[in-house]
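So, here come the structures, one by one.
Next come two complexes, and both contain subunit A; in the first it sits with subunit B, in the second with subunit C.
So, the complex of A and B:
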């Protein structure tokens, strides 16, 4: 990376994070909440970009990881008193990782469309399991819980006001972005990208492609679970609707709309899609998905690289 | 646990009946996949819209059989329109983009149906109202008629593909698209027609299934998921494999619901899928690939 590009990139990153950090102080309540949600959905979409954009595997099952992160956090928050933030993170990530390992073990045996369908069906399995085991998950009604305090023992303990929550989410999303970016630049990330470009050759060179794929799915699943934990903190409930495959479909939409293989693209896609949804739902009430679906189809046909596709090389530089 | 023999027999018949409907949905899906590499996510919505067209025509004409034919034709035309507008521009791109495009189509169609017909389920009257007694149950003849009709429709499709001139065109296109084009087969139209046939079959199964449950905008979702499972278990692109897998899975689910609730019985088909992927990822009901 040339020096100038390096400079522009990091200044740009700092400015955007700074703007997002100031936002809750100036925005009205509704839009602050909206912004936090965009960040959370953006993180979920970003996690799925590791598979779609970098490894070339389209996952239609990210709702399972997201939902398990959510229910894991719910279990921790309901099970401990007073509710503990770090326990919620731990439980959420652990359950998402466990589910991701399970899904990865089976689904990575398949390629392309078969992988997409298998992940979709796996997410449905978890949906049915969560929906029917009413005793633990509350079934259709889901679980309600209260927000923990943002505390580090012996240091400080803060109440999660909307602004604090926003900064917490922003910090986690920004750190996740940096971490994922670092991973895609690492030798491991390079192997993933070479699987995307030519799987047979990658195998011929001597990489254990299956193992790399399993790790990629797990990595992606853990970050999706992280998004699930954040969402649980934000909304204080977990519901089976978030495990339903339509959520996975929306995640794929965010990726495609924003531009796959860019990491920031999916966040932009989520913002674009959620803003459009907000705008359309004022005119079309609950039928906003009709115009959104049409726009999505048009983007798939006419703009296959997405909104940020033009900057893909630069962002990965 | 002791399951009485009569219950076992009833579940066998139920399983075969739903299996035949599922086979119709899945064979349309697998036909579209096998011939044009398109994973049609909107298949369940075509099933659902078919049922709605059936409801409307039935209300207008009062004749179930006219409704069945009208729904099949209307949705076949809709399928052709969907193919021409959203899928034809994607020819030559990664097959995965077809999943995305048809997912968009399914969002649009599902919400259109919700908007147009509302959330309350509509009912299709059974065209055949008689019952016969099966042990302690009054078993409706209509359910048996569904199975017979489904066999007839799938058999008709098979004969068409095997012996009809256009059927031979379709099979030629599957084997080698470029060669078929060189021999003078209008490949773009063959592909459009295949999509229309698949859509029409989904619509027909929607109308046939309508009388058993209510017709609502969500009904396609669960069917398309089960059809996907069937298509993978049966071997992607193999029609006979899909039919066998549809009956196999429906029977298993029917037997499982003797012990657990029907919502949980679905898990059985998931397990079958996982085992298939583990031990025979090319599909259970197709010859071992060499």
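So, the complex of A and C:
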């Protein structure tokens, strides 16, 4: 990266984070909350980009990682008195990591459509288990719980007001982005991209491809679980609907719309898709999915690299 | 404090007061005081409020798997709102209905409820079909302190372990139906029962309620078969059902009810055993799909679309005919109204009654509205064609009369009517402070 590009990149990053940080102070209540939700869905989409964009593995199992992160946090929040934020994070991340390890072990032996179908089936298995285990998971009705305080013992203890929650989510999403960016630029990330480009050749030059793929699925799963924990904190409920494969499908759409293999693109895609859905639903009530579908098809045809790829090409003249 | 005629801190001399000026100031002051008294008084607030309509939110599943129920339920809400508005509104104020689609997803439902409460500033909400969405949204009404009249959601916990001071269920729930139905099941159909249920939260809790009441009435539940919802081929489950018992009791709804009814008939189970179940098994919308195979089924429901006594009233006829006409516009096959139309229609009217009783003008009066709704007695009439009902104070759960019916030649035949007093279940709710 040239010195100028480096400067432009960090200034741009700082400006966007600053704007997002100021947003809850100026936005009306509904949009403030909605922006926080967009960041959470953006993190989920970003996590799946590790697989879709960088490793070339389309996953339909992200709903399982997201949902298990949510249920892990729910278990911690219901089991601790008073509810503990850090325990919720720990339980959520541990649940998502365990599920990701399990799914990765079996599914990474497969490629392309077979990998996608296997991840989809795993997510459906977890969905059915959660849906029918009413005594543990609340079944169809899910679990409701209280929001913990944002506290570090002996230092401070804050109530999670909408603004505090927004800043907390923003900090986690921004840090996750920086961490994932570092990983994708590291030698490990280069190997993942090599697998995407030519798996056989990567194996031939001596890389243990399966091991790299397992780590990629786990990494992706842990960040998806983190998004699940944040969603649980914001909405104070966990429901089996979030484990259903439709959520994974939406995440793939966010990637395609925003631009895969960019980390930021899926966040942009999530924001674009959610905002458009909200806007259309206000005018067309139950028919809003039709214009939304038309726009999605148009983006796939006319902007194959997604909104971010289109913007880059346009900016570069 | 500076007096008139003093010099202000900026050093500009104020004019000396003249008699005329003093009179002018006095008149202006008196006008302001009078205006303030009028505009600030509760009377004026009422007058301002009366100039604008009541804003009622209505969240339904209009897309996604819950759409068939959601669209039907919305018809009930619209029927009641149109009727109220055509009669001049409530306390002279019309109702403005703001409809939102929750897409049959709890996250979208919650966002739509936030939008209704924060942006649209609704005065109250009537609606909700899917229990998981109702339960996810209930804390939001609590946070914003707005009354939520639930329209369809069935889950027992809504008015028990997860009850909420701002949410009301103005129709029945499974424990009350079990209390109403169990004496008939054990006394007239058989002592030993096998329950087939939809294997998820609603099916499981309904199974437990019936099992408890059947045992209380001297019967026994000798077995149970849980089938996952959406199972297209139930025969692997049904073919394992055998043994010495008198009756088979089904707890399913929607397309699953149709699947179970048809496949249980094909396997000969409905001939071998007495065949009964929850009313959701064969709602009027399911009857065409079940055909003659459901003949002989005994069910319980708060509403059946028939004109037999005691539903042979002019107000039920008016409700029925209008509902049929509206449903035909939505579905040209012309389905008969079901309990989803009925309970949403009556939920709006229950809210209307509460508003009239409490003098509710807007959100500030929510505590008064809650007080009016708690213990509300609803009398059978044009507002409540289903019959009398009571909205219990302790848990915001209504108790209504129940109809036990048998399906014959593709239609319902009322066999027994259980008054609301014989459906009572002890409250199991503690409202948070």
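One rule holds for everything that comes next: the second predicted complex is superposed on the first by the 307 of 317 C-alpha atoms of A that agree within 3 Å, B and C clash if a C-alpha of one lies under 4 Å from a C-alpha of the other, contacts with A are read in each partner's own complex, and residues count from 1 in each chain.
Simple rule for what comes next: a residue touches a chain if its C-beta (ideal position, glycine included) is under 8 Å from a C-beta of that chain, and two chains touch if they have at least 3 such contacts.
Fair warning: this is a prediction, and the values are worked out from it, not measured in the lab.
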Item checked: Superposed partners subunit B and subunit C on subunit A - clash or fit -> clash
Check: So, A:106: does it touch subunit B (first), subunit C (second), both, or neither?
Finding: first
Notebook entry, point to check: Looking at the overlay, does A:58 come into contact with subunit B only (first), subunit C only (second), both, or neither?
Noted result: first
Next item on the list: Check the residue A:300 against both partner chains and state whether it touches subunit B (first), subunit C (second), both, or neither.
Entry: first
Next item on the list: Report for A:128: first if it touches subunit B alone, second if subunit C alone, otherwise both or neither.
Entry: both
Notebook entry, point to check: Of the two partner chains, subunit B (first) and subunit C (second), which one does A:237 touch, if any: first, second, both, or neither?
Noted result: second
Next item on the list: Tell me which partner A:290 touches in the superposition: subunit B (first), subunit C (second), both or neither.
Entry: first
Margin query: In the overlaid three-chain picture, which partner chain does A:37 touch, first (subunit B) or second (subunit C), both, or neither?
Written below: second
Check: Between subunit B (first) and subunit C (second), which does A:118 come into contact with in this model arrangement: first, second, both, or neither?
Finding: first
Note to self: A:249 in the overlay: touching subunit B, subunit C, both, or neither? Say first, second, both or neither.
What the structure shows: first
Check: Where does subunit C run into subunit B after the fit on chain A, at 170-178, 188-196, 224-232 or 404-412?
Finding: 224-232
Next item on the list: Find the residues of subunit A that appear in the contact set with subunit B and again in the contact set with subunit C.
Entry: 128, 131-132, 286, 289
Item checked: Residue ranges of subunit B in contact with subunit A within the complex -> 39, 86, 89-90, 93, 95-97, 99-101, 103-105, 107-108, 110-112, 114-115, 225, 228-229, 232, 236, 261, 263-264, 266-267, 270, 273-274, 277-278, 281
Note to self: Which stretch or stretches of subunit C touch subunit A in the complex?
What the structure shows: 62-63, 67, 71, 99-101, 105-107, 110-111, 114-115, 118-119, 131-132, 135-136, 139, 155, 157, 162, 199-202, 204-205, 226, 228
Notebook entry, point to check: What does subunit A use to touch subunit B in their complex?
Noted result: 58, 60, 106-107, 109-110, 112-114, 116-118, 120-121, 124-125, 128-129, 131-132, 245, 249, 252-253, 256, 286-287, 289-290, 292-294, 296-297, 300-301, 304
Note to self: Can you tell me which positions in subunit A touch subunit C when the two form their complex?
What the structure shows: 28-30, 33-34, 37, 128, 131-132, 134, 138-142, 144, 231, 235-237, 239-242, 278, 281, 285-286, 288-289
